[in-house]
Amino acid sequence: MNSWKPATALFVGAGSGLSASIARCFAAAGMKMALAARNADKLKPLCEEIGAEAFACDASDAGEVEALFASLDNSANGAPEVVVYNPSYRVRGPLLDLEPKEVAKTLMVTAFGGFLVGQQAVRRMADKGRGAIVFTGASASVKGYARSAPFAMGKFALRGLAQSMAREFQPAGIHIAHVNIDGGIRNEARGIVDKPGKPDSFLDPDAIAQTYLHLVMQHRSAWTFELEVRPWLETF
Amino acid sequence: MNSWKPATALFVGAGSGLSASIARCFAAAGMKMALAARNADKLKPLCEEIGAEAFACDASDAGEVEALFASLDNSANGAPEVVVYNPSYRVRGPLLDLEPKEVAKTLMVTAFGGFLVGQQAVRRMADKGRGAIVFTGASASVKGYARSAPFAMGKFALRGLAQSMAREFQPAGIHIAHVNIDGGIRNEARGIVDKPGKPDSFLDPDAIAQTYLHLVMQHRSAWTFELEVRPWLETF
Amino acid sequence: MNSWKPATALFVGAGSGLSASIARCFAAAGMKMALAARNADKLKPLCEEIGAEAFACDASDAGEVEALFASLDNSANGAPEVVVYNPSYRVRGPLLDLEPKEVAKTLMVTAFGGFLVGQQAVRRMADKGRGAIVFTGASASVKGYARSAPFAMGKFALRGLAQSMAREFQPAGIHIAHVNIDGGIRNEARGIVDKPGKPDSFLDPDAIAQTYLHLVMQHRSAWTFELEVRPWLETF
Amino acid sequence: MNSWKPATALFVGAGSGLSASIARCFAAAGMKMALAARNADKLKPLCEEIGAEAFACDASDAGEVEALFASLDNSANGAPEVVVYNPSYRVRGPLLDLEPKEVAKTLMVTAFGGFLVGQQAVRRMADKGRGAIVFTGASASVKGYARSAPFAMGKFALRGLAQSMAREFQPAGIHIAHVNIDGGIRNEARGIVDKPGKPDSFLDPDAIAQTYLHLVMQHRSAWTFELEVRPWLETF
């Protein structure tokens, strides 16, 4: 069995928390990392730490996504062999209180941006006949919760995109995966920490990163399209 | 068992085919019908036939949807007790050939319009504590096909909306349902007719209408949220 | 559209509650009914009421199921055009306390009996190129609850059987359907009645029966394989 | 993040192919392996190769499964910290040709044995508050194919068991996982090899083993309950 070892990766929707863990984990596994976010300045410390490049990009803007990939084409590392699409936006509350504009924005950031990034990514991967794209889902990807319709719409749509891309591009050698993050992610900066007597009741971002890494390293004879990660104490 | 008998219904996304069958079927069951489409002129013959009112409305435009419901409020029949959301738009083909604008439009018409109509509909139904809203899905609601990512995105999103609305509004007495139309609909005007030796291999729109009618008439103790309709010869 | 109107039906697993409602509903729609249960004596009052025939049969015993259908073949009504498979057995509690024998019995009554009855039923329907078989599922058909593994095993298995039979026999004109009864059924005899302020919070068996009837009457161009019924106040 | 490193594992349903790959992979990761099969003799070469112990056991027999675990309790390695349930049996063909006895056997080996092994396994793991059990599923776990009802019944039931056990035992520290092997496994001994121009079109058992290993090593803050593995060229 001849395993694939990707050399470069792009993480779209980078910030703190999960994205930093994944970036560190991928870098430790030998990938040259590029990180993209609307505000690239905040990425500097992480980029310095892991030797990554930062790019400013609004993932829901077709022109900016095209420019991002053009920049990568011209960078030292070239087009990424692995891409993670992570951005989401959400507005919650009683459906009757929701602003239509906010609902549209949720769809654009959470799902349409996934299309834009996915399209640019496969454009580069298709010729080489290899690559991996991971879409970050959530509980709302498979269950529409009350008072959270916009997020369900966006995450359902992203999963539909991922399925369609898997069916079109896996036979071309591009691994497409969808990860359902089915629980809250531990984030000390935001005060999301385990309660007494409930150790590991929030998702550890480093643990999630291990599973993202496993996915993008899978041999093409046994690809996983979809899995969920969930804390041991989470009900489902 | 005290059955509910709706008096009025609105069908959004009316045209020929399925929408005409549902409109006729609902009218025959005693509902006063309102039909909405971007082009209301084409609805005239059907409206005359079944005594329905026609309204012009772009379902993906928040202002037009609001105006549509305001018109209904002021009409003789008043706000509808039953609403069917049917519009969809799609662009197909290799993902690399898709225009981002067309993808965004697919999301807006297929899913965002469902939110707009659903929000206005429940605003009227919530006070009365009763009503029914049916969202028209497709095979692509639960399976993302290759070279059809935008439609999958739109129809997945619509299903997420329907689930979320069901969880929020069913306890308020509003029945939310999602119908997966899992096959081609017979349409003689467009040449979609059974092949020799394959009778009823396309969905008969009148048969689908019977199931829509059954759904909106269900007693609140035994509501169906989701079902699919599929020709006997269809593989799945 | 030329609707099918079945003349005879067999209900396996008859007793009180849902089975009586379905039997009455089907009889009222013009079907000559046969009812089967392990103890046929208890069926007498209902049989007299609706003019049905009662048969004793342990649905998990291959010989008894074969004999049941042989009796029907030789009866005045002949082989049934519609068959409902309803029996289930369950043992609940902490997995560590479960008796293996009881788990095996749960599988045999809940799922294996469905195979036995389904096989005999399609043997008669296949030649005529028409018929309908409905399998009664439960919440446990699609979700394995804690401390209820055996029932989940049985109901999941029954759903797998239903799917497989649908794919094999729908192209032969036999409609196969699976109904997920996703909530408790009102049963005054057993004290299962609505709490104050929660009207219709249990499934009304007469309401469920309307949906079973709709299913078996569907036109073959638009068959539903699966749907769920759920009270308006039920969380899901 | 403090990762768990299991010291012992039991593989039930061992033979050639996938089971040998998993056994080798787990042994290479440091686990002391025990292998069980109805015919333990055939396991000798593999056991010698990886230093594993072989046990004879009919997994569908409650007494034999109890005896297997009693033997393990008394062995040098003690009760296993990881258990994989792999056995299946199937009979295929037109439903009308199936022998009821063979259908019952399919349920017993494929699903009931999973219960027996799972029950004995958690009995040992529950006190320690840790462990992992993986159930081997198949395409038929989530889709009932025509002319293969018994296998669908068995694999659906096994998945129901796995879900129920996950909900009951994950909060007790025992990781339960279900793997859908969605494709054919390469097996040179049986002539299942790639066709010209279709490299890696069958699942490489060593690649699958990597994913099983990843699953049983996951940190409890981010457990995967379910995933599928599928060759890049497989349609789905």
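First chain written, first letter: the chains are A, B, C and D, and each begins at residue 1.
Rule of thumb we're sticking to: a contact is a pair of C-beta atoms (placed from the backbone, for glycine too) under 8 Å apart; a residue touches a chain by one contact, two chains touch by 3 or more.
Keep in mind that what you see is a predicted model, and the values were worked out from it rather than measured.
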Most distant chain from chain A, judged by the mean position of its C-alpha atoms: C
Approximate Å spacing (C-alpha centroids) for the pair chain A, chain B: 33
Centroid distance [mean C-alpha coordinates] between chain C and chain A, Å: 44
For chain C, residues contacting two or more additional chains: 166-167
Set of all touching chain pairs, with the criterion as stated earlier: A-B, A-D, B-C, C-D
Partner chain C, residues of chain B touching it in the complex: 1, 167, 170-171, 173, 175, 186, 200-204, 206-208, 210-211, 214, 218-233, 235-236
Complex interface listing, chain A residues touching chain B: 62, 94-96, 98, 100-101, 103-104, 107-108, 111-112, 115-116, 118-119, 122-123, 126, 140, 143-150, 152-169
